[in-house]
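Two complexes follow with chain A in common, the first pairing it with chain B and the second with chain C.
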Partner chain A sequence: MGGESLFLLPAAIFLATLALYPFVELLRMSVSDVTVYDIFKAWPFIGASGVTSVASTFDFREAAVNSVIYVLLVVGVGLGGGLAAAITLWHGGRMASFTLAVMVFSWALPALISGIAWRFLLDPRGMVDNLLGQLHVGPIYWLVDGHLPILSVALVNAWTVVPFATLVFRAALLDLPTETLAAAEVDGARPFQALWFIILPLLRPCILVLAVLALVYAFKSFDFIYIMTFGGPGTSSETLPFLSYRLAFQLYQYSQGAAVALITMAVVLVLAVVYTRMVRGEERG
Partner chain B sequence: MSRTFRPRWIAGAGTGLLVVLYGLPFLWLVLTSLKTDTEIFASGGGIIFQPTFENYQSVVDQQLIQACVNSAIIATGTTLITLALATPAAYALARVKGWMLNIGLSAIIILQITPQPASLIPLYRVLGTWNLLGSQLGVILADSALLLPFCIVLLRPFFLAVPKEVEEAGIVDGASKWRVFWGIVLPITTNGIATVATIIFFIAWGEFLYAITFLTDQTQYPISVLIASQIGLYGIRWSNMMTIAVVASLPILVIYAFSHRRLREGLALGSVR
Partner chain C sequence: MSASKRSSDGSLERFITPLEQRVSRRDVLKGAAAGAGVLAFGGGISSFLAACGGSSSAPSALGPDTTGTLTVWHYSSQQDVKTVQDYTALFTKKYPKVTVNLQYVEFSVTGQRAIAAAAAKQGPDVFIYGGNEVNAMYQAGVFKDIDSNWQVFADKGQFPDGVITKFNKHVYGVKGYVNLTGLWYNKNILDDVGVQPPKTVDDIEDVFAKIKASPKKYTPIALTGQPTDQGDWTAYPWLTGYGFTYKNPDQTAIQNAFSLVSGWARKGYLPKESVSWGQAETFTRWAQGDVAFMENGNWNIGPAQRTVGSKFQYGTAPLPTGPSNQGIFLGGEALWVGAFTKNPDLAFAYMQETLLSQAGLLITLKESGGIPARHDMAGLPDVTNNPLLAAYTTEVKDHGAEYPPAGGAAIAAQAVIAQNWSAAIAGQKSPSQAAADASSGVKAAYHP
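After this line comes the complex of A and B, so read on.
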């Protein structure tokens, strides 16, 4: 005891000034009336009225619904795609290794670059609609038409989650006890049966950890919306983090922006806690 | 044994699909940067064309080179500060137990779930009082604060994997905790630390929200801001945009080419634990 805590000190001081203090300021901002003029001055206190008033707006409800859709798609497609890809590349040789290298590169590219590339590909004159046109489908206005933009952006975001999930699932698959799999094979299990009754239960811990990570990541995801639709057309593809950004930086409603950010975080926190409790309770039997 | 569970043709078709799904977008980005404005939306696939370096000639100028230098400064500075602070902290969090561990991990979780825009205004105030608005150091500090919790989360498993006996041998020899950390633990975790450093560098290279908000002088903009600042405009000039995007991905491509094997192993190892 004693020695190690000194190791924590530099990071703790740094985070206290540049991360925890801003977080406390965010809390304070959500209960104050902050305008452009007094950003560097004292903030008049208004209590929780900012939080409650913003939560009842149409924009907030729209963004909340979008956020839920977005998170479900990113987590579902990200994990499902990752598992499918991991099984595909399970014991592959050179080709699997090459495919993984290409996939992980897409994960390593910043959201800024993959976002702008996909925005170009999904342009009505772009490659995707061009290919669909060859099949006499479309053009589909991926980033413009009705509720499609939020789905398109979520799928692109899921596209970047898949490589990471693939790596983790593949490592877990390679760790599976070979005797169990061999026994299932001897017993004549079909591929789907083996997947459902043997492989998935063994991967459970891994799936749960990834699900929490993806959930937290997807809820606060901001870059892809900013780059691909900027919340538009109109406000139709805004998620909660983007709404919080727009309130603060385009409408200068700093308190409301802070309130939306805090509500988002509270939801993530509650979901993560409930989820881990559920998982633990289940494991205890 | 996986042969039966995963018929050969499915594996083959799946692998092909993955290569197309993940290879094609970046390949298309590169091809587009070699096309003229009129060719990029030409119908019929657009695979056959006369490649030209016109876009590069018009895009690569003093400003772009300066932006790449700025990106390098910001990303390197952020990586150095983040790693210097996160390494000892992650080691400590892999060794302490009880209340200190609980407080540490809770703080990290809170910071991890904070959406980045939420910290913009508070950080604007903090950096303003320190006179660091409009300076790259301000952006480096903000980026480091953003990435430090994530960096600790990534590093901790590597220290948890160090066997106790290795360290105990050092303690028996009478070495101080710092000497044990510096002389014994760090050398055997170099690979893991390098992996995490690579990831932090990549993220810092692509960060644009802090940079676009805290920097005022165009000559200080990193390349990410050059891309992000054109987003809101109507009628993006795609040939130019894709060319800048290719330039911005080059450093990542080069670093990735040298480190992808380690990166893949490190990622899989770190998160399963």
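After this line comes the complex of A and C, so read on.
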């Protein structure tokens, strides 16, 4: 037993240093009044008032609503697109291999690159509006008008989730029992019926795990918003992680930034617990 | 050189310094106008030519055999870094055995990275920085007090008070040149349409309408609508033109300015996508040749020569004025010595030989259009005979305003203005709503 614990030690030190300690500091900062002047000194304790006051602001409410919209789109479109692509590419072939390779490439692209590329593509003088213009549609101000900025950025982020979801779903599809699918075909099940009544139920564990992973990823997503809109116009595309960044590192309101980050982390933690339970359930079951 | 900005005295230091010890905002403005403004109209060419080889004195222990390494943080992009390299060469010419590492740190993260480095008692020897986070950086202990070096610097009298940043009455940073925004125009378009640059906000509508009505589908104006400090920087002249100040964020004044720009966006005079543009993107859009005007800085003189070349003729004019006394932020990069440098004298010598020297400032003037702040460069032909600089030197004299406002104390208020400026252009908020939010937001956030 002692020997086994020793093997755990590096991981434990790693987690304690890079996860637990920053989390404790974040917690401490969110209940203290920290300014740039005293960030390296003692932090005056203010209790939960910092968290409650920031949670009551318009900026927080707007960012929270945007976060929900963002997460729903990233998860929904990312998983839906991934499943559709996986089914299309299920049986392989040269085209399927080529398409998968391109998808992996786009997935591996840094957010900085794909974010900038999409920013140009979605410009009113960019390729998307040019193509739509051929159909006498537009111009559409994807990153300017109404709720379009947050929707556009979320869809771009979902686009990066699709390749990962495709790879995972395709691996799960290739693992499905062929005799079950053959039996459904013999019994006269149409493709949609086979999908709905056979394939999706069999993929359920995979879908659930992927959904939780995508949910966590989307909820803490920051880079695409920073690159494509910087939370704007105004504050219309700010999500909770971006608001936390802006408060802490743009305005140097460290306590408020920490409070928003803490709330964000609480949501992610809940999702992580759900994920852990699901994985355990699958292992048992 | 995006967001080249002017820092000033540390008036946010009220937490640690009695009010009466601070340099007042009025002093700063007077100093800036007197110094940078005079530079355009005074004399002193002969003394400049005589002393162009560099500064007249160096810290006593230093000489050509001095060895060492200096790390310098800058945020000049690949397009502008040649200027930094060129004036750094002045230093290495005098100190050939000293190695200078120029490290690029993106402008928007310089403050954060400097503060994080200070926590670990690290950081560069020298900062080239002109953003609005100087007060936060000072409070976090990023900068070294250079007062003792400054007091024995032979040329210190050449610099107006407005370009010297003091905290607690001690000198910390000095700006060798100033930058500000003006109105750039595409002369080909103006000649084609038959209009002149507008002088007041009342002239704008007529000029823009004629440009927009042209069958050649010109775009009247490009400017920065980003919800960042670059947006605030761009908005400030229009806001103050209607009577706005950070101390008195009059809602009507803000609404008038927001109505003006949101009207431009609604009528197609200003591309709505400008809400995602920084100053660099604004320049890129204007340089394509179908935009009549842009609000942008004198630091684009070099890039314009390189990018636009002879594609079209261009010029600059003062920004149109409003019914109230307009303010235009005076920017420019200051030099600072890092608090954790092991070679403070050498770091100060770098300042002396580069952006505090006539030769160094001549480089920034020629390559990026930075207006020298030294009194003895005021009548320099490169300044007085440069038609592109004429508009800017006029603006410095008539409208130069402290940047960052109140020594950095307005950082949160500036963010409020930038966000609502962006929202008004995009149509996310009506001008009246954006003005109401901006006015109340500034009142809540401005604590000088």
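The definition used in the following text is that the second predicted complex is superposed on the first by the 266 of 285 C-alpha atoms of A that agree within 3 Å, B and C clash if a C-alpha of one lies under 4 Å from a C-alpha of the other, contacts with A are read in each partner's own complex, and residues count from 1 in each chain.
The definition used in the following text is that a residue touches a chain if its C-beta (ideal position, glycine included) is under 8 Å from a C-beta of that chain, and two chains touch if they have at least 3 such contacts.
On a predicted model such as this, the values are computed, not experimentally measured, just so you know.
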Combined model on chain A: chain C and chain B, fit or clash: clash
Partner chain(s) touched by A:230 [first = chain B, second = chain C, both, neither]: both
Partner touching more residues of chain A, whether chain B or chain C: B
Touching partner for A:249 - first (chain B), second (chain C), both, neither: both
First, second, both or neither for A:57, with chain B first and chain C second: neither
First (chain B), second (chain C), both or neither touched by A:145: second
Touched partner set for A:88, first chain B, second chain C, both or neither: first
Segment of chain C that clashes with chain B, given the candidates 26-34, 116-124, 314-322 or 404-412: 116-124
Doubly contacted chain A residues - partners chain C and chain B: 39-40, 123, 230, 249
Interfacial residue positions of chain A with respect to chain B in the complex: 3-8, 10-12, 14-15, 17-23, 25-26, 29, 39-40, 84-85, 87-92, 95-96, 98-106, 108-114, 116-118, 120-121, 123, 125-127, 130-131, 133-134, 159, 163-164, 167-168, 170-172, 175, 178, 181-182, 185, 191, 194-195, 199, 206, 209-210, 213, 216, 219-220, 222-223, 226-227, 230, 240-242, 244-245, 248-249, 254, 257-258, 261-262, 264-265, 268-269, 272
Of chain C, residues touching chain A in the complex: 15-16, 112, 115, 118-119, 133, 136, 139-141, 225-228, 271-273, 275-276, 411-412, 415, 419-420, 422-423, 425-429, 434
For the chain B and chain A complex, residues of the former touching the latter: 1-2, 4-7, 10-11, 14-15, 18-19, 21-26, 28-29, 32, 41, 43, 45-46, 84-86, 88-89, 91-93, 95-96, 100, 104, 107, 109-126, 128-129, 141-142, 144-146, 148-149, 152, 176-178, 181, 199, 202-203, 205-209, 224, 227-228, 231-232, 238, 241-242, 245, 248-249, 252-253, 256, 260, 263-264, 267-269, 271-272
Interface residues, chain A side, partner chain C - complex: 35-37, 39-40, 119, 123-124, 141, 143-146, 228-236, 246, 249-253
